[in-house]
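My questions all concern the structure below.
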Amino acid sequence: MPKPTSRQDAAVPLLIHGLNAWYGESHVLHGIDLEVRRGELVTLLGRNGAGRSSTLKSIMGMVGERRGSIVINGTETIAMAPHRMAPLGVGYCPEERAIFASLSTEENLLLPPVLQDGGMSTAEIYQMFPNLLERRHSPGTRLSGGEQQMLALARILRTGANLLLLDEITEGLAPVIVQSLGRVLRLLKERGFTIVLVEQNFRFAAGLADRHYFIEHGRVKAVLDKKEVAERADELHQWLGV
Amino acid sequence: QPAPKLTDGKVRFGVLTDMAGPTSDLAGPGSVLAAQMAIEDFGGKVLGMPVDMVSADHQMKPDLAANTARQWFDTQQVDVILDLASSPIALAVMEIAKQKNKIAFVNGAGTSRITNDSCNANTVHTSWDSYSQSYSLINAVAKQGGDSWFFITLDNAGGQGVERDGMDAVKAAGGKVVGSVRFPLNSPDFSSYVLQAQASKAKVVALIASGSDSVNAFKAIDEFGLNKQQKVVAMVTFIPEIHSLGITAAQGLILNEAFYWDTNAETRKFSERFFARFKKMPDAVHAGVYSSITHYLQAVQATGTDDAAVVMKKMKEMPVNDFYGHGGSIREDGRMIFDMHMVQVKKPSESKKPWDYYNILATIPAAQAFQPLSKSTCSLVTKKS
Amino acid sequence: MNLPTQEAPSTRARLRGPAIGLLLLLGLLAPLVVYPVFMMKIYCFGLFASAFNLLFGFAGLMSFGHAAFLGSAAYVCGYAVKSLGFPPELGILAGTGAAALLGFVVGRLAIRREGIYFSMVTLALAQMVYFIALQAPFTGSEDGIQGIPRGRLLGFIDLDNTYAMYYFVLAIFVFGFYAVYRIVHSPFGQVLKAIRENEPRAISLGYDVQRYKLVTFVLSAGLAGLAGATKTLVFQLVTLTDVHWSTSGEAVLMTLVGGLGTIFGPFVGAVVIVSLEHHLAGLGSWVTLIMGLIFMACVLMFREGIVGTSKSFWQRRKTLPAIPPETPVIAKA
Amino acid sequence: MEIFGVPHQALLGQVFIGLVNGSFYAILSLGLAIIFGLLNVVNFAHGALYMLGALVTWMGLNYLGVNYWMSLLLAPLLVGCFGIFFERTMIRHLRKLDPIYGLLLTFGMAQVVQSLASNYYGVTGLSYSPPELLRGATDVGFMRLPNYRAWVVLASLAVCLSTWYAIERTRLGAYLRAGTENPGMVQAFGINLPLIVTLTYGFGAGLAAFAGVLAAPVMQVSPLMGADIVVVVFAVVVVGGMGSILGSIVTGLMLGVVEGLTRVYYPPASNVVIFVIMAVVLMVRPSGLFGQQR
Amino acid sequence: MDDLILETKGLSKQFKGFAAVSDVDLRVRRGTIHAVIGPNGAGKTTLFNLLTKFLPPSSGTIHFNGKDITNDNAGQIARQGIVRSFQISAVFPKLTVLENVRVALQRKAGLATQFWRSEQSLHKLDAAAMQLLEDVDLASFANASTVNLAYGRKRALEIATTLAMDPELMLLDEPTAGMGHEDIDTVTELIRKVAASRTIVMVEHNLGVVSTLSDTITVMQRGSVLAEGPYDVVSRNPQVLEAYVGVTEDA
């Protein structure tokens, strides 16, 4: 098996090999392999508790312990401290949103440092999420559930990160917003962003993704190209319980 | 001579003191050393039986002190407990000494209650008390023309006691009290009180504070120049505080000491030996511990027993005439009386070496230094009359 | 329908009876080997720490002013017995009642706040109690109340007899300790636990959360008072130390060393700390240093305390694979 | 003119004296607030660090001949380094736990430092004179104002305000606040939080030491000088609003004055007045005078 | 019309001048499932908070069974039979699953304030608790610690706990959020089942769930009611389509 080296071309912003992860003493990921090319959008599908969120957290170094190999934009990061991932161009939007109560909406939005060019401007962001503009002086956690979700996503679009890890971003959003999010993701893809999306809403994901990784019990059970989705619909339905 | 009768075949002293708290400089490790020296100097034996000691830190907790005292008397063959710096601790332990019929020497606490309403036949009080620190001192200062007074007083029973006695003394001497202020224990900043004293225009400012309080008070007094316009008398301040403050800031202060190392040849002899081992000169508590042990052992030797009542009777009969209790004796109420010294802190230019701090202004004879027996509320005294 | 069978607890329950019997026996025989007054002190502080633990360990309310209850009960009991001539049992009742009453007042004010703020309010109110103890006419200022007679229990048991006193204190301790156990393992305790876990949810289930907290606070204050009043009779004195904040700190230390949120922890903690205080007394000024180091070591390495650590060690040995030790999460900050 | 029986001239003097003490409260509570704000640690060792600042100043002069002005710089640095060491080796391990553990650890630490110091230097303390330049007093009409005290007020105001500016007007403040709530996420944004945390603690410790240096000439340098003040400063921080930077500065000064006035009108209560105010404030405004209502 | 169980008149809530809920007249008929939908930030959760008095209303009244409950506190409201679930799952993590449900049963059984009785006395509630757990398919987890439950099961447990209160009116805030598909179906079924004997008001973004369950739908926008009626009517309302549902050609 070719060992990923730090010289891996930048056309593969994320390359994961044999990733194992633990929370304290519980072993949740058992050897995940994943490859995402520039400008691709892949989804991680699976049931509750399968380990999708944990995969993203492992990439960010937010689990108890991790082993294997994670190469981000050409740099092996498995042994790096958590704060050194973002400068490589990663933006992470967590499942629980992690909005800061002690900061106002705008402060929340401006918190992540801009890492490189190519991020959205504040004006663009407010245009995309008018709710945030209106509530910008309100404490972050006083936003409604859905508004917090928007904020969590919006703040990483500013930083210029080109590899986005998005965890359940449609949860709790009104259908209109979900639709506009779909448009945003498509736009980002066109701009060359690379996106890993964890989603429950398969219909939403299916329309966007180039590839689906199906995760079960901390392992990749199957990888489906978007063309295969139609052919293997039955199998998929069974896996996901759709 | 009757055959010696020492219970459990030895005499053991217990030094119960404050090893790290606010009174640990005044008493503390120095008291332990003084006790050791006293035992060594006595030859380590009395009536052919060994003499030794134990010591413990009461951490300023009366219940811990009471418990230690009980345990010492009950299980460790301790005959005498000494030092007892801090009033609540002294009061607690002397009560236990009475219950267990053993002896307590209070060498480091100042409440007058020890020899008044809380007195008992098992306790000897060798250090100053609120009367000795105020009455005689004020009398002496008033005679020199100090006729208007301002009091800066620690706000607790001890401080108030000294203040009460002091104000009486001022009136008795024909002066008047123009004002007073009470500060809480452990006040880091005295400037406010100093300003109030300054504003009062009193000729004499009496400071009733000890330990770090008194040091902090002097700093403010010095800084605001109070000592330049008014006379400052420190009523319950002793040499460790002067040492810590430094003579520059303390100069001119008037205080009352039960013991000053540089009084005469005898005091110097003891003090220099003490200094050689401790790197600090002894103060009144240390000297008091030494004196008490010696006096006790002499009484044991004389009576041939360590029975508390017998020894106590003997101790009260025998005069105390060592370098500490000069011209001293122990009264019925347990009060040891002896000559006290009114001293003034030297100017830096007068001080020739470290610890050379005082000019002795006057010696207050034993009979005047302490509350007269006639005023005592001690049941041992009142019952008789 | 199959009712859940509670397997794990049943073995423990079977062992519990004999274990408690053994402990009681030890308690009864202890004065033959250990100095009785020393044991009594441990009982008083053990009860005090247990009372604190009831509030902190089981209701998540970290009080930084528990000395106020210990101390006020001690003063009331001391005054009642010495100056008003109360018999000992009434003195203790009076003290306990006073502490519970004070607990009601302090509790009313404090439970409106949470987390660290709660701690601060209790500390502030306790400082005021300290101030009153310093200034009030009947407390004797820094000399305290001394020479309090122990009197005769129920009019005929002379408590000046050390053994009589010992068994009296032991009885009070066992009673107080059982009370904590009972409260924790009662329907009330169950609700308390729920409140601590998720307060909004408990409210939405119709529980008047403030009332539960207040009741716990009063119970805890009363038990602390019971300890304080008993202590007064044991040592026959009350002083400002009893209301000083460092005494509140001691309750925290004991509870922590023994094991927060465990039934026996506070007692074990009291044994350790009181013994250390005594055995290190001869070391003089190094005591504070050593206590400080123990404190740090406890926080850094044995957060679950002695009882907690040995419990999880026991569990880990029994149930492989190991369960990760779970550090107690206390108040919501 | 008299105000409640006190001539207003004298009262003015008292207010100023209160301001001096308030300056100490302000610097100390500022440090405490910063540390609490970021580390979520109630730093009980703050008093001990303050004491160390003063002690180091004394030792510098007596052993090495380092003068006051040098100490003003060196003591905070040294104590700051000690703080950094303490944070790296110990406090760090308590991050994920309830803040109460931080309080307990630092409490133990304070005990250790204080008892070590009193073992070597006794409790009554050591004397330190003000620098030549600031000796003496100036007559300002209503009082004889010791120069050194005036300097204390100025120096502490300068330090407090620049610290406040650095934290509130830069992004640092936002990182600090966010870091308390969810350190993991802040790191995921690429911010080296562990470093910031360590430096913050070091800075807070340095501030305490700075207050200690300022205090050395006015108060006796004694091992226990910080033991009681920490509880008071703690109360100041709570009144100001836990974690509020400006709040702790303003409240520090204000409570210093209130305490000073208590010393005039009812001195015995001066040690408790801050706690009374704290209890009242917490009843009326739970999050403190300057805290954000959550 | 007299079988209104809940009625609000002019209910409003301002946060520092921002009107999160303004002038809402909500009328819920007894025995129905009433859904509240609306874009994010429309004020749905706030409305729930007002109804259960987790927030005090700025103005307006709330009547429950004809009785004015505007001034009752949260606990009193719960005791009268209005019980809510939370948008973020609300369980007691360190209690066992059984205990979670039992806590809810305790109050009515009068076994809540007795600090002098043994825990054993609670076992008589076990049977009822088990019954409730069976209703939500959690019986086999009765002795498990709640922290370890999967998200969907926690929500089911929350519903069981709410049911234990035997509420007349249940308020459910996004009961299916974050659930996988099979869980959504289970919960939908469950809601339908429990709705048989009570009234339910729920907030939900999953239109599938809303359409299958609800009798009446209130659509909120910017704090006010935009439209109200059965699903078929509301879902064709052009304003609703624009503000909430969006274009149906779903990405």
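Should a chain be cited, it is by its letter among A, B, C, D and E, assigned in written order, with residues numbered from 1 in that chain.
Methods note: contacts are C-beta pairs under 8 Å (C-beta built on N, C-alpha and C of every residue); 3 or more make two chains touch, one makes a residue touch a chain.
Molecules present, by chain and UniProt name: A, E = ABC transporter ATP-binding protein; C, D = Branched-chain amino acid ABC transporter permease.
Note that the coordinates shown come from a computational prediction; the quantities given were computed from them, not determined experimentally.
**Student:** Would you mind checking the shortest number of contact hops between chain B and chain D?
**Tutor:** Minimum step count, chain B to chain D: 1.
**Student:** What is the chain whose Cα centre is as far as it gets from that of chain E?
**Tutor:** Taking each chain's C-alpha mean as its centre, the farthest from chain E is B.
**Student:** Determine, using the mean of C-alpha atoms as each chain's centre, which chain is farthest from chain A.
**Tutor:** Between chain A and every other chain, the largest centroid distance is to B.
**Student:** From the mean C-alpha coordinate of chain C to that of chain D, what's the distance rounded to whole Å?
**Tutor:** From the centre of chain C to the centre of chain D is 33 Å.
**Student:** If you average the CA atoms of chain B and of chain C, how far apart do the two points sit, in angstrom?
**Tutor:** 38
**Student:** If you average the CA atoms of chain D and of chain E, how far apart do the two points sit, in angstrom?
**Tutor:** So the centroids are 49 Å from each other.
**Student:** Using the touch definition from the top, which residues of chain B touch two or more other chains?
**Tutor:** Only 20, 24, 155, 184-185 qualify.
**Student:** By residue number and range, which residues of chain D touch two or more other chains?
**Tutor:** 115, 118-119, 268-269, 271-272 - these are the residues of chain D that touch more than one other chain.
**Student:** Within the complex, which stretch of chain E touches chain C?
**Tutor:** Answer in residue numbers: 52, 54, 74-75, 78-79, 83-84, 86, 90-95, 98-99, 102-104, 106-107, 111-119, 121-122, 126-127, 130-131, 134, 139, 142-143, 161, 165.
**Student:** Which bits of chain D are touching chain A when the two form their complex?
**Tutor:** 171, 174-175, 177-178, 180-182, 184-194, 243, 292, 294
**Student:** In the complex of these two chains, what residues of chain A are touching chain E?
**Tutor:** Against chain E, the touching part of chain A is residues 47-49, 131, 135, 138, 142-147, 149-150, 168, 171-180, 182-183, 200, 202-204, 207-208, 240-242.
**Student:** In the complex of these two chains, what residues of chain E are touching chain A?
**Tutor:** 15, 18, 37-46, 87, 150-152, 174, 177-183, 205, 207, 242-247, 250-251
**Student:** Going by the contact rule set out above, which residues of chain B touch chain C in the complex?
**Tutor:** Touch list, chain B to chain C: 19-20, 24, 28-29, 32, 54-64, 66-68, 70-71, 74-75, 87-88, 91-92, 95, 111, 113, 118, 155-158, 160, 184-185.
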